[in-house]
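My structure is below; once you've seen it, I'll send some questions.
Chain naming follows the written order as A, B, C and D, and within any one chain the residues start at number 1.
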Amino acid sequence: MQELMLAKAKELLQNGTVNRVLGWQAGEFVYDITPAVFESEQDLDAGFVYNEFCGNNLSKYLIKESRKEGKVLAFLKPCDTYSFNQLIKEHRIIRENVYVIGVPCEGKTDGETLKSKGVKGILGAKSEGDELIIDTLYGEQRLSKRDALTARCLTCKSKKHVVYDELLGEEGEEVPENHRFEEVEKLEAMTPDERFAFWRGELSRCIRCNACRNVCPACSCEKCVFDNPASGISQKAAADSFEENMFHIIRAFHVAGRCTDCGECSRVCPQNIPLHLLNRKFIKDIDAFYGEYQAGEDTESRAPLTNFTYDDVEPSIVYKGGKK
Amino acid sequence: MQRIGVFVCWCGSNIAATVDVAAVSEALGHEPGVVFSTNYQYMCSEAGQNIIKNAIRDYQLTGIVVCSCSPRMHEATFRKTAASAGLNSYMVEIANIREQCSWIHKDKAQATEKAIILGRAAIAKVHLNAPLTAGESPVTKRALVIGGGIAGIQTALDIADAGFEVDIVEKQPTIGGKMTQIDKTFPTLDCAACILTPKMVDCAQNDKINIFAYSEVKEVKGFVGNFHVKINKKARYVDATKCTGCGECTEKCPMKKIPNEFNLGLDNRHAIYIPFAQAVPKVATIDPNACNMLKNGKCGLCAKVCSAGAIDYKQKDEIVEREYGAIVVATGYNPIKLDDYDEYAYSLSKDVVSSLEFERITNAAGPTGGTLLRPSDGKHPHTLVFVQCVGSRCSAEGKGKSYCSKICCMYTAKHAMLCREKYPDTEVYVFYIDVRSPGKNYDEFYRRAVEEYGVHYIKGQVGKVVPRSDGKLLVQGSDLLANEQVHIEADMVVLAAAIEPDKSARPLATMLTASMDTNDFFTEAHAKLRPVESPTAGIFLSGACQGPKDIPDTVAQAGAAASKVIGLLAKDKLTCNPCTAHSDEMMCNGCSSCEKVCPYGAISYVDKEFRMPNRTTAIRRVAVVNEAVCQGCGACTVACPSGAMDLKGFSNSQIMAEVDAICKM
Amino acid sequence: MKKLPVSKIQELFAAIRAQQTLYIPTDDASGQARYLPWQEGMELTHALNTVRSAKDFFFPQTENLVEFKLKGKEIEIIDSRTEQDDFVIFGVRACDARSFTILDKVFLIDPIDTYYKNRREHGTVVTLACTQPEETCFCTTFGIDPADPEGDAACWIAGDSLYLKARTEKGEKLLSALDNLLADADEGEIAAQQKATRDIAQKLPFAKLNLAGFNGENLNKLFDSKKWPELSEACLGCGTCTFVCPTCQCYDIRDFDTGHGVKRFRCWDSCMYSDFTLMAHGNSRNSQVERFRQRFMHKLVYFPANNEGEYGCVGCGRCLAKCPISMNIVKVAKALEGEVQ
Amino acid sequence: MQDVNQFKPKIVAFCCNWCSYAGADLAGTNRLQYPADVKIIRVPCSCRVNPMFILRAFQRGADGVILCGCHPGDCHYTTGNYYARRRMTLLFSMLDYLGIEKQRTRVEWVSAAEGAKFAATMNEFVAAVTQLGPNKRLEDLRCKN
């Protein structure tokens, strides 16, 4: 696939369709991939890479890139295309300045995931059939590809692109049986005390590095309310447990109905806080209360929070255990 | 830092009896920023207002807090006071320590503590207030009256009389409303038609009045002074400009078994019809559900006989768009449906009728030509029983109305009296809960019915009406005064049905964003002081849409509504609400969330060039609020994820300051 | 040098805890390694290092400095400092141990940061030698020996024994208080393990990382490098690298309005943030590339230029593991190598 | 007799100007009692209430927050309360998800004519919050005196 993408990128650069390419750049190790803009064929040859470690969602970069001179080629994975559409809907990306090539995704892994499976001192990795063979300082280790998948990829909602100008490889399928709300349901089944204890345990680890916010394609505000002293709620660090809750509630609320569930927030959290469980709660509630809605599926529909029906459920539904 | 003055009102003893006003003004005097604090017996009085004005001048106040009654009562008063002393009106905040404090608490210590906290919240808010200047918007010098009954007619005539254009929208083919169906009016017993029809004609002939009969309001947009209304002129299938109202067509129409609405189905009309002889406009209308030509394409007789060539089977509904400065709601009332009242045998016997049906039966223009005949066999009835409060003052859930329908006592007295006068051989009984006859000459009228005309008034309720096979109606009731059961063999029973707002009122209220009470009566802006205005600016109330009313009350209110409309239309410009949304373009993402939730379409977007760091520029899409259109609801402020959108007068920081002051531990 | 059987480590912890608070790196409920106050039964993590560095002990993320109380129109000033109790941090790795030296160079020079000093004086650092470095480790670049860590006392776990050696007075004091648990040992007993660790360290991917040209002399060359825009292109401007970094020491001082007054506190700040060093006139670094450059110039050029060649980095590898876009100091150093040769 | 040490909750009530604030005024006009613990903040419309305000109230020491607006369909601004309804439903559900007592938050639709409902609602809400005791899960210790 990487070769196919390289060839396509070069072709489009050559024929002038685009003047640069947004993709992934190889790093020092096998896993430390960095999003990058490539301006020439030499650049591409020097570092362009596409493999199971290329997890970064590139859509958000297009806010900036689509405002630059000339058209940019963007390689988007299926889940990235949802974010892309959502940003189009919110007028954040100038569509005509982007040439989108959909690239297939079989699920991604990353260094952190491998390490969480007990792999130490990763020097390299190659895929062989269903296995990933990892070369380490302390010898070779093998992991099944499924075991190596990042948590978000285990509950992938769709391997199908919702938008592209051109598609490379074979189009994937939606994954209706994705079980992505199972963790949310597990929490819902707990007592409020247990839930409170769970979330305190998680959110108290937050160091307010803002990685979740800054990586999030939905968090694309010119100036975040938490950075704006005039908002009255700006915080640089959570000086009290309240502020930890506040930040994450408001952040999740601001992206409610706009979050495409790309999972970047949980991926980047240095403290491994399962932030996607907040967003997914909103997605689940929206689905249950107002009908199935997938942000980023299209560029036209009204977002659930800027919409209503006359017979929407009353807030008291919460006291009735969320049952309609 | 503001220099704030605090003025605590005693409201006589209304506040002072429960709140230690001196303690409140003392405590608030120690709040940061407060440079003057006092209390006075009646802050809204001239002397009280002078205290405020003098303090503004003497202490160079930049903001004031009045702890008094609800801002809904006197906010406007104190804003004017401030303005007259040179302080911007929007530098005034009210702490509601009467309705929301002294009146609801008994413990003086608690009420005083709460009053101080409410005062602190208002001080916290005023610290963040900024002077606001109201913009202006032009006024369209035309009024819309919705409903062409006596209320609408009177309002329209009065407005037109002042020289302003008025449109009447009436959903029936003719204006006139309920009053056209009434025979005589209490307490003078003059003929309804005689006093109403001249007014109808006046409307038709007044060149300032434009009648949209057989029409309905479809959409209302805009705001006070600038309403945009879509009116649906339903197809009559008759060209109103050609029809002379000669009636030739109605006579020839073969479809003649259509229940006549005007006579409440007591007789029939044709498929093409004019509701009654004095209809305005006097134009025929084809009932599309009854006309054979429209249903099956067969017939066409009316077109053949119409010498004016007015019949147009191809006519379509037509949407007319008009601009108005003010809208008067005069949608009136209807008697409730009595189908649920089987205890009175309403649906079992033709001889159990509603009062309005009785009205038609005794009307000279009615189905019987004014002769009192039983509907079942056309015989003259000898014993009549009138039942009061059918569905009124009813506490039962789901059936009837909790309120008094107000008009029934009087018209029943009228009916009873007229019966006895015209047919001395009849016995007339009236079952009542209470007889309510306040009003000029009303009680005298009722007493005449009892004393001069020998109507039998029985205090008590009817339990059951049983139709017997011999045609008699056995009325079983109780006489509370005699404490005994009463059985009357009646020939006719007349039910005084409760009245309720017209069904079209609720969807109309939604279109107008005017509020309603739980009974679907329109709510007035203030029960006592603003009885003919809706809380929604530019919407006025006339007649029974606001609550049950008889004709004199309706006409009085209609005139009052008209005078309010005239007052509005007489202005060339209106001051806009300055508490509008505004977007900080430096923070706006241009995401369109705000635009989606704005009910007024007040938000648009522009691409704007911004200076960026390091001498670069960038073009961004940003929201712009049209302040003349924005009504200040604030929906956009919450939809905005970046907090770029805020509301003047109710800003995020102001509301949070209030929250902080209230919650302070 | 002293030793005790590894099986008795809980007894050792209990003995320390009997005198003062003890923090050890352990796996928390979510399975992540972090320092927690030791309680009976709590075990050392198997992870090489904690996600958050040990700097929190001396330079916490937020800290109240002073409080202003408002009563009506009166203001009262209250010093928020509380008496610090003695504490021990056990299991600090060599890299983190070195970070304290770097932080000392910031906070303990005149004017002395008394909040930091207070904590530093009351804390005893017990380090633990590494045996299995990760591929992201490059502490040797900074002259740190993972097999022979600094600290008030150092430990090694080799075979069935835990070896302890005091390096400072504080360390001596701690070990002497634990004397009844400890047996004498010979330094030779850990030599084999140290050699094995050093051999691995030699083979680490970044063992040959060369920072020779990064100094004050090349400041302008490095500052003006054309590589910065490309390097910072993908930077999200989050604070992950700074907040997991054991040597990043920038903070902001903020006021929190409590409703009754103001709590003045300081909290970590990140040079990656758009409002870092924001002043009344505006910001001195307006674009992400400038902010990005600031961070690496500070660590690799400004800091050594002002501190006898000591870099503002200890090679712990946290930023390499945690940066959401995998941009880091090693990539920057390698990319800029060419500028200074 | 009232126990002096009895917990007195702090309740913030956001009321829309057109219906609920007027309903509260009517409760006053009719002298319908409800506890002084309730303090009303007037907002133009229920849709003006940002989730931020609700969290802020808890941070600053509120034990319960109630939002009152016009009945659905009766909004003075036509549609404001429909948006408020969705926002609050989702917010309350999220608070519940985080283990914060759901009885501390409420939305009630109170018209200008429903003074009795306003008073009854407040009485009931205050009782419910009193039973829960002080807000601990969303408090900010810095704001304690």
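As a working rule, a contact is a pair of C-beta atoms (placed from the backbone, for glycine too) under 8 Å apart; a residue touches a chain by one contact, two chains touch by 3 or more.
If you're wondering where the values come from, they're calculated on a predicted model, not measured in any experiment.
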item: Which of B-C and A-B has more C-beta pairs touching across its chains; value: A-B
item: Centre-most chain, if every chain is reduced to its averaged C-alpha atoms; value: D
item: Chain whose average C-alpha position is farthest from chain A's own; value: B
item: Inter-centroid spacing, chain C versus chain B (mean Cα positions, whole Å); value: 72
item: Gap in Å, rounded to a whole number, between the CA centres of chain B and chain A; value: 53
item: Rounded Å distance, chain A centre to chain D centre (Cα mean); value: 36
item: Gap in Å, rounded to a whole number, between the CA centres of chain C and chain A; value: 30
item: Residue list for chain D, restricted to those that touch at least two other chains; value: 51-52, 56, 60-61, 73, 79, 83, 87, 142-143, 145
item: Two or more partner chains touched - positions in chain C; value: 256, 259-260, 263
item: Multi-chain contact residues (two or more partners), chain A; value: 225, 232, 239, 305-307
item: Contact graph of the chains (line, ring, star, complete, other); value: complete
item: Residues on chain C engaged by chain D in the complex (per definition of touch); value: 256, 258-260, 263
item: Residues of chain D touching chain A in the complex; value: 51-52, 55-56, 58-59, 72-73, 79, 82-83, 85-103, 105-107, 137-142
item: Chain C-facing residues of chain D, complex; value: 60-61, 142-143, 145
item: Chain A-touching residues of chain C, taken from the complex the two chains share; value: 28-32, 34, 48, 51-52, 61-62, 132-135, 200, 203-206, 230, 233-234, 236-240, 242-244, 252, 254, 256, 263, 265, 267-270, 273-275, 320-322, 324-328, 330-331, 334
item: Chain A contact footprint on chain B (complex, rising order); value: 586-593, 596-597, 605, 618-621, 639, 641-644, 652-653, 656
